[in-house]
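Chain naming follows the written order as A, B, C and D, and within any one chain the residues start at number 1.
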């Protein structure tokens, strides 16, 4: 057990013992050895919690399940959630969008040195500049946090795509989307995707076909990426869960790059700042 | 090898449309192929999948009985979604697709000699009309007929123009109630369960047949129980989301029971044994 | 519209009710000719045009989409076109990134008095899209259900 | 038994690809998918478990089942039978999954015409597994890495002595015999190697046990992390739920053409049961996920015969939050052990 793990368990135990939360959302080890989300209700179960580099979902998504009182008259549940710096930005996003109330959420922030997949630091983590969560109630592992790279994210991967010829780019995405099985795992795992009825499944109006054909997949992924324009926190959970290995974060990062360049905005810096597409500047004239 | 495709609908032509209640239309259709039409036999409680071409298919209970050579088939269609809306836009002469008859239907033979209590809530009255018609056409085969007919408001009551002819039959009573009455409403106001409890039909040698929203079925069963009806005396017809109607698409199951092929008509003691609640 | 002759693109135009639709009207009443490739959909405001509409139009067979609204500062609802501006600035870049030519999506401001400009915008855009040919992300169903010679380009 | 070398096998496959649709696992950007191949070199030789099952070729992810032409008259056309196809490299578990789907789509009246056409047109050439891979549990649900059920031909890789890989061919059906007729090779006595089995797997509880524990709190517990995506059902070789919808294929003056599409759907997603008007008769995620497990282990065998799970382990590998069907099997086994009276109690209650 690492020191970070111990700190997470201690924080969870404390919250549960003192009755400050009903539930702590963290990670546990599944039977195949993979980390998976865990929901801890009792202080004595806090020792199930783990922390490792394969904890690469965004647990903030689960807060949507705790937004409402379970029955009429009952209080809205209070939950604590274990977050990485990228996940923490999603908390600010949901606070801004009034999906969660600050007083109902305790944030156990983990200082991050990048998560790994198969011994490789994930591409999202290689370019990430965050080491300490933007919002937290308890900070764990800060002494282990490695120095953030001084260099700003130069979006080299995005630029590389942009430099391809138009036809090559189209071919690339058609190939990638061809594998998509429309399982919607990317949407379900995303803290920013919480519409009660997604346009991809809406029947009336019927926006898109039920067909698993490339035009529908293109429609779905572009639509999803666009709905996250200026709202994506770059946690990369969508790409991590995709059973078909589609590089979804490329779409999100492209938009993040443009949003940064056009509006100087980064998601989740401040819960009071509106995402760029939810506001405007009358003086602005953009290339269309 | 050729296969008979159970997913391929017969073509049918709309022969008549009339408003039944607010937002509910009665469609009369005739199958285009005379051979299919003359052999299209169905029982009260069975349903068909109706296609509005270009929109899709939905299941509807047949609300008529087969009358000798008159091969008109009737459905009551409540406008709630895309398919029903498309069907509401159709007119006499337009084509629809029809698959069926599907489902099991009511065992009207078994009910012979019994007193029949019918509980219909809103559009749920539609699949019960053929039950009433069967009893009335073979009046001497059955005992008394008590019809409890309910809706949220008077303008949602179905088959209002047939009430007088039902009442005119011997040993037949019709009780009406609405949840929300209008000033000119001459009948009862309140839930169907209250009405049934007041009138208190006898459970002796009786069967009850109920159709309505799931929550109404649930409370109607409790009321009937209070009046002495055993679950074995109570028959219900359930609704569920269906796509194929032939037990393949997996959408309508309640536990191991498929509403489309095992039902939609069930004796209530069976429903009580379902793993999944029907409500 | 046989397939061997010149390619006639299908263009969907979302026109704001208050300015651009009136502009199109003016083009009509003043008999200014413009290509008939554009199918006009009147919307209350350019801010009403969800990027979803654009994607759906492409999917359903449009080769080009244009969104015309009031000039900045002139929006009937004060701010709708500012939202639209931000949205489509990003949308353009996203389409480009995924390999759909940006020239297929045109956003412009046309006021009620600019009948000439409307005709000019439509003419230019139609030629621009014609040069690009059919869009690559449209559904291919028509070809599956119709004999080849009947498929309308 | 006939044996052939890999070179001979490739030669045979190349010849097949000339005359019919040959489908085999290929590597698409790191994912193993069954796709049409024209050259046996495109096959991902040495593959273990594929990421998607060959179900796609029997029950396509999307398929028009009818074409409706509405002009002055309405014409409804069925989709013509597909071209003859051979799926090569079918793992025994996936073949058993095809049998499970057959039980409902072919043998339960009325049979599904479109599925039947695909089934008739398809020959399944299996490749037995030398071992159970990670997360595999075919032995728990009655299968084996070298099971023959549902296959037309089964190839088994023989332990080579350093030379070229040799395959032994088991001919299992008439269809397989027809196909094997053109196969080169050598008749010789060989003994098939025993596959390596995974030890210590749980035992699948009976349908009655599942029935008895329907309302157990365990189902809420296991569902808590469920994201309600559809990945587990789409990678499952035996899941068969579908959605049907009419969609416009062409609209012209005087003629509208619609296609009635059938596409995969998943009981784990929230809108699956939502009806017009917004009511959802299965409103909670735990009821939806529970339905998936119950369908596989109780409803399906009870209603149609075979289990709805063949132990391929794909859902275990795919689930983004690691909901593990094997863990569920073990948990139900444990529930049964800890509450032996539950079965009778449930039976008495019902």
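FYI, a contact is a pair of C-beta atoms (placed from the backbone, for glycine too) under 8 Å apart; a residue touches a chain by one contact, two chains touch by 3 or more.
All of these numbers come straight from a predicted model, not from anything done at the bench.
K.L.:
Count the C-beta contact pairs for A-C and for C-D, then tell me which is higher.
P.N.:
The greater number of contacts lies at A-C.
K.L.:
Compute the distance, rounded to whole Å, between the mean C-alpha positions of subunit B and subunit D.
P.N.:
Computed value for the inter-centroid distance: 38 Å.
K.L.:
Rounded to a whole Å, what is the gap between the Cα centroids of subunit C and subunit D?
P.N.:
44
K.L.:
In whole angstrom, what separates the CA-based centres of subunit B and subunit C?
P.N.:
That pair's centroid distance is 49 Å.
K.L.:
Indicate the residues of subunit D shared as contacts by at least two other chains.
P.N.:
In subunit D, 243, 245, 247-248, 265, 276 touch at least two other chains.
K.L.:
For subunit B, jot down the residues that touch at least 2 other chains.
P.N.:
81-82
K.L.:
With touch defined as at the top, which chains are paired up in contact here?
P.N.:
A-B, A-C, A-D, B-D, C-D
K.L.:
Show me the residue ranges of subunit D that touch subunit B in the complex, using the header's touch definition.
P.N.:
Going by the criterion above, the answer is residues 65-66, 68, 70, 74, 76, 78, 104-105, 108, 110-114, 116-117, 120, 211, 214, 240-246, 248, 256, 258, 260, 265, 267, 272-277, 281-282, 287, 291, 294-295, 298-299, 302-303, 350.
K.L.:
Which of the residues in subunit B end up touching subunit A in this complex?
P.N.:
Touch residues, subunit B against subunit A: 81-82.
K.L.:
Contact residues on subunit D for subunit C in the complex?
P.N.:
It comes out as residues 64, 67, 69, 247-250, 252, 257, 259.
K.L.:
Provide the residue numbers of subunit D that touch subunit A in the complex, in ascending order.
P.N.:
28-31, 33, 51-52, 61-62, 134-135, 224-225, 227-231, 234-235, 243, 245, 247, 261, 263-266, 269, 271, 276, 316, 318, 320-322, 324, 326-327
K.L.:
In their shared complex, at which residues does subunit C touch subunit D?
P.N.:
Where subunit C meets subunit D, its residues are 141-142, 144-146, 150-152.
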